[in-house]
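Okay, handing you the structure first.
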Amino acid sequence: MRIAPFWPLAAATFVIGVAATFYFNEYYFVAGYLVLQGLIMATAWNILGGFTGYVNFGSAGFFAMGAYTSVVLYTAINPPLFVVIPAAAVVCGLLGLGAGYLTLRLRGVYFAIATLAMAIVLETLMVNWEYVGGAIGAFIITEDVPFFASYNAYLFVLMLALAIGSVALARYLNFSRIGRGLAAIRDDEVAAECAGVPTLRLKLISTTVMGAMMGVAGALYPYFVTFVEPVSAFSLIVAVNAIAMPMIGGTSTWVGPVIGALLLGSVQEWTKVNISSELNLLIVGVLLVGFVALAPQGIVGLAQKFAAWTREQREKRRGDDSATA
Amino acid sequence: MFSIDLLSNALVAGLLLGGFYAAVALGLSIVFGQLDIVNIAHPAFVILGSYVVYMTNTALGWDPVLAGVLFTPLFFALGVAVYRIYYAGFERTGRESLAGLAFFFGIMFILEVVIILIYGVDYRLVEAAYIGQTLRIGIIDLPYRMLVPFITAMAMTGGIAFYLSRTFTGRAILAVSQDRLALELMGANPIRIKSLAFGIGLATAAVAGALLIIIGPVEPSFGRLYIGRVFAIVILGGMGSIKGTLLAALLIGVSESFVQTFVGPSWADAVAFSVLLLTLVVRPQGLYGRL
Amino acid sequence: MANRIVVDNVEAGYGTVQVLHGVSVTVEAGETVVLLGSNGNGKSTLINCIMGIVRPKAGAIYLEADGERFDLVGRTPAQIVDLGITLVPEGRRLFPALTVEENLMLGAFRKEARARIEQNLETCFEAFPPLRERKTQQAGSMSGGEQQMLAIGRALMSEPKVLLIDEPSVGLAPILVSRVIAKIRELKERRDLTVLMAEQNFNQAIKIADRGYIIVHGEIAFEGKSAADLQDNDMVKQYYLGV
Amino acid sequence: MTQPLLDVQELSKHFGGFTALDQVSLHVGKGERFGLIGPNGSGKTTMINCISGALLNESGRVLFQGQDVTRLKPHQRTRLGIARSFQLPRPFSSMTVLENLCIPLEYAAKERSRLARRQEEAMAILELIGLADKAHDHSGGLTQIDMRKLELARAMAAKPDLLISDEAMAGLSGSEVDEILDRLFTLNERGVGVIMIEHVMKAVMRFSQRIVVLDAGAKIAEGTPDEIVNNPLVEKAYLGE
C-alpha cells in the first residue's frame, strides 16, 4: 500500500513537530516522545515479526541494551548524542545478528521463547554490573541545549527524526528486493530457499536491522528519564507494546505499526493522565487479544476489507441502476 | 565459607525449591509438552492462584494448601474455556504460531493488570501456623514454608503422573499431540481430550499458586520471572515427560540454590534462562527427548 | 453376526483435487477383500472415506450389521470406531513416544472394549510374542515389522467386527511382508473378522484375498470375483506399470 | 563423451539406522527427459532432496555441469540452474501468482533486472503454462491443478537447465495429467532437462526417454520405458514376490 508522497509528508511532519515544541507545554512532548519511542520499537519489531515471520518476545532486551550503551558511554566519556546513537545501533545490531543465528536452529515458538530468555539473561548481567549502577541504577545529568525550549523538546525533535528515519528504512525494506525476499521467507522458508533466496543472509539482515533500530530507540531513554535501572529499562510493557502496536495496526506492511503506534500510544498517554496507568496497561492487553483473535490483519486489513466492501456496494448499486434504467 | 554445612543446606534448599518448581511447571508440561500449546500465560495463572488463595486466607482463614485444592475445579473450568477460545480462534484456523503466541502474551498481561487493579502492586502474604517454623535435622534446616510446598508438589506430580499413565483419558492426553488422527482412530475425540488436558493444566496452577504464596510474599508481576523457569524445565525435561519435568525442576532448583549461596542472589534469576537458552541451542530435545 | 460394508458410487478428494470418480465396492461378512493398484490411485482415499477421515462429495457408504443399516458418511472416525470398524492406518501411525503396552491400551479406548481388556491383551501377546517381550519399550524404537504388528494388535484391542488395513507392506523387507500378510489371515480366521485391505504388493495381497478390486486413477479398473480371477489376469501388469 | 548435465556419484544417505540411499549413481543429459520411479519409501524423495540441496548426503558427490555442488546450499544450486517443484504445493500464499514468479526471477537470476522486465518474463512463463488469466489472483486461493501449474511455473522462473518435477500429477484427473504432461514436453523442447518423479505410471512411461528404478534405497534398473516394463526385477518391486 503506497500512501501519497512519503517524503514531503515526512518533511512536513518534521517541520510541524519542531514548530510545535515552541507552542505546546512540556507535557505534550514528553507524551509525544513516548509515542515515538513506541513507534520505533513497533516498526523495528515488525521488520522481523511482520515481514519475516519470526516473533521476538525480547524487544525489551534490545531496547535496554541501547539504553545501557548510552549509560556506559556517558560514564566513560560523555560523548555527544550523535556518537551515542550510532554506537547503540552498532551494539544492538550485533546483538540482533546473534539472535539471527538462532534462527538456524530455532523456528516458531522456540525462537520466541529464546528471545525472551535472552532479554532476562541480559537483564541479570546489567543488574550485576556495577559500572552501570547495578540494581540501583545510574543517573545521567543533562545540560540545556541552545535553540530548543527545553531538553525534553530537544529529545522529542531528535526522536521525531529517528522515527521518520526508521519508518523510511522499514518502508524501503518493505518494497525493496530484500523485502520481497523476506516476504517469501515468511510465506514458506523452504520454497524461498529453492527459489534462489539466500534465506540465512536475509534473516540476518532482518534481525540486525531490527536490533539496531531498537537500540536507537533505547539510546535516548537514559537522557529522557535521567535515571536508568534494570527493572524499568527491561520493562515488559516495552516488549508488549512492540508486539501489540504492529498487531493492532497490521503486520504485513510498514504502515501498520505506524498506525498502531500512533493510535495505541496516544490512547495510552491519555489514559495514563486521565484515568490510571494500570488501566492503560489493561487496554493494551485487551486490544492485543481482541485484535489477534478477531482482526488478525489489524486496522490496515480492516480498512482494506472496508474499501473492498464499499467498492462492491458501489458496483452493485451501479448494476442496479443500469438494470432499472 | 565453603563448608559442608553450607553445601548441604544449599543442596537441600535447592531440592525443596526444585520440587516446588515442578508443581509450577507441571501444568505447562501438559499444555506445552503434550498439547504443543505455548501457554506463555501459565505463570500468570499461577499468580492468579496465589491471589485467590490469599483472598480466602485473609477473608475466611482457610489453610492455603486446602484453598488451592478447593479452587482446582474453578481453574479447570477456566482452562476448558480458554482452550475452547484458543481452539476456535487459532488452532482450527491454523494460525496458532504467531497469533496464538500473541494471544497468550496478551492474556498474561491482562491477568497481571487485573490483579494490580484489584489488589495493587504491594506484596501479599498468607498466614498459617506452620509458616515461619523450621524443622531441624542435624545440620540441615528444613523450613516448613519450603517443606509443605515440596510435599504437596510431590503429591500432585505423583498424582498427575499416575493419572496420565494409568487411565484411558490420561493415556489419550499423552497420545494426542503425537498423532491426533491416530487417536481419533482409537475412538477418542481429540478436541475433548485437549480441553480436558488444558483444564488439568490450569487446575495445577491453583495449587502451585497456593504453594508460591506459602513460600513467600507475592506481587502481581512475579509471574514473569517464572516464564523462563517453567519453559526451561519443560524443554529441558523433554517436552511433557513428567519424570523429565521433575528431574529438570530439581536440577534448576539446585542450580539456583547453589548460585544464590555461592555467587549471589542477584544472579539466581538468570540461571533458568541461561539453561533454557543453552538447551534450545545445544540439545532442543531435552534430557528425556521425545522421539 | 453379519457385517457388510457397502460403498456406493463415491466421489471424493482433497480440496479441489478429485481422487475418486464414482467408486463402488462391497465387502460381505467374513470376506477378505483387497484393493489393489499402485500408489496414488485412490486406495487410501477410499479407506479414509469409509473411516470418516475424508468426507465424500457424492455417493453413499454404509455398514449393515444384523439387518440394521448405519450410514457412515457424516460420522466422525470416533463414532465409526464405536460401530465396530477399526483401521490399521498407512504408515502405522503408532504413538512413538509411548510404550508398546500404552499403545495397546489406547487401542481399547472404546467403551465396549474396556471390559475385556485383559483378555484381548493376552490374545494380542499370543498372536505377536515379540510385543510381550517389548511391552515397556517405546513404540518408536522398534523395527518396522514389529511396529506393523503393534499397529495391527492395537487395532484388534478395540474388538472390531470389520478391520480396514491400509498398505501394511510399506517400508517392510519382503520376508516381513509375507509374514505380516500371513498373520492377517490367521487373525481374521481366529477372530472371525471382515477385512478390507488396500495393498500395492499384488502378489502378496492375493495370497489371502477372497476377492479384489484394482483401482486405477480413482476408478475401479477391474473387479476380480476370486483370487484366481485376479491372478490369471493379463491386464494386471498393464494397470500397475502403465504400459 | 560429452559431460552430463547432472552426474550423481555413489550417493548415500542414512536417517538414524535407516538407509534411505545406498551408493546410488545416476546421470541426466542435457535436455533429457528422465524418469525416476520406485515404490513408496524407495528413496526417490531423498534423492531429489540431495540433488536440490535440501538434504546433505553423507558420501558421494553431486556434479552439475561439471561443477561439484555437493556442499552448496539450495539457493546456490537454484542459481546454478537446478530448480524443483514440490509434491505438496508450497506457494508464497500472501502473494499473487505473478509475484510468486517474480521471486525466482529476481533471486535466481544471474544479473539484476527491472521490475517491469521481470513481470514481462513472468507473464510469458504463465502464458506458456496456461495460468496467464490468473496472474493477479492470490496464490493461496488457487485450485489444486492451478497450484501444480504454479509450482512448475515458479520452478521455470528460476530459468533452470534442469527441472525436477516432484509428483506434479498426483491426484489429478486423466485430462489434467495430460495437460501437465503437455506443459512439461513444451518446456523440454526449449532445452530444459527434466527429472520426473511420479506415481502416475502412464505419464512417466509416455514422458521419459530413460528411467531409473529405485527400490529400498538402491538402483535396481535403468533403461528405456520398454526395457523397464519388461524387467523382471521391476515387476517384482512393484507387484511383490
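Note that the chains take the letters A, B, C and D in the order they are written out, and that residue 1 is the start of every chain.
Following the convention adopted for this analysis, a contact is a pair of C-beta atoms (placed from the backbone, for glycine too) under 8 Å apart; a residue touches a chain by one contact, two chains touch by 3 or more.
Bear in mind that the values here come from a model prediction, so they are computed numbers and not experimental data.
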item	value
Touching subunit A and also subunit B, the following chains	none
Greatest separation from subunit D - chain, by CA centre	B
Inter-chain pair with the most contacting C-beta pairs	A-B
Centroid distance [mean C-alpha coordinates] between subunit C and subunit A, Å	55
For subunit B paired with subunit C, centre-to-centre distance based on mean C-alpha positions, whole Å	43
Separation of mean Cα positions, subunit D and subunit B [Å, integer]	49
Graph class of chain-chain contacts, one of line, ring, star, complete, other	ring
Interchain contacts (touch definition) - all pairs	A-B, A-D, B-C, C-D
Contact set on subunit C toward subunit D in their complex	13-19, 21, 38-41, 167, 169-171, 173-174, 177-178, 200-205, 217-218, 236-237, 240-243
In the complex, subunit C residues that touch subunit B	51, 53, 76-78, 81-82, 86-87, 89, 93-98, 102, 105-110, 114, 138, 140-141, 154, 158
Footprint of subunit B on subunit A - complex, ascending	49, 53, 55, 57, 102, 105-106, 108-110, 112-114, 116-118, 120-121, 123-125, 127-128, 134-135, 236, 240, 243-244, 247, 278-279, 281-282, 284-286, 288-289, 292-294, 296
Subunit D - residues contacting subunit C, complex	39-41, 143-145, 167, 170-174, 199-205, 216, 228-229, 234-235, 238-241
Parts of subunit B lying in touch with subunit A, wherever the complex brings them together	38, 40, 85, 89-90, 95, 97-99, 101-103, 105-107, 109-110, 112-114, 116-117, 221, 224-225, 227-228, 231-232, 235, 264, 266-267, 269-270, 273-274, 276-277, 280-281, 284
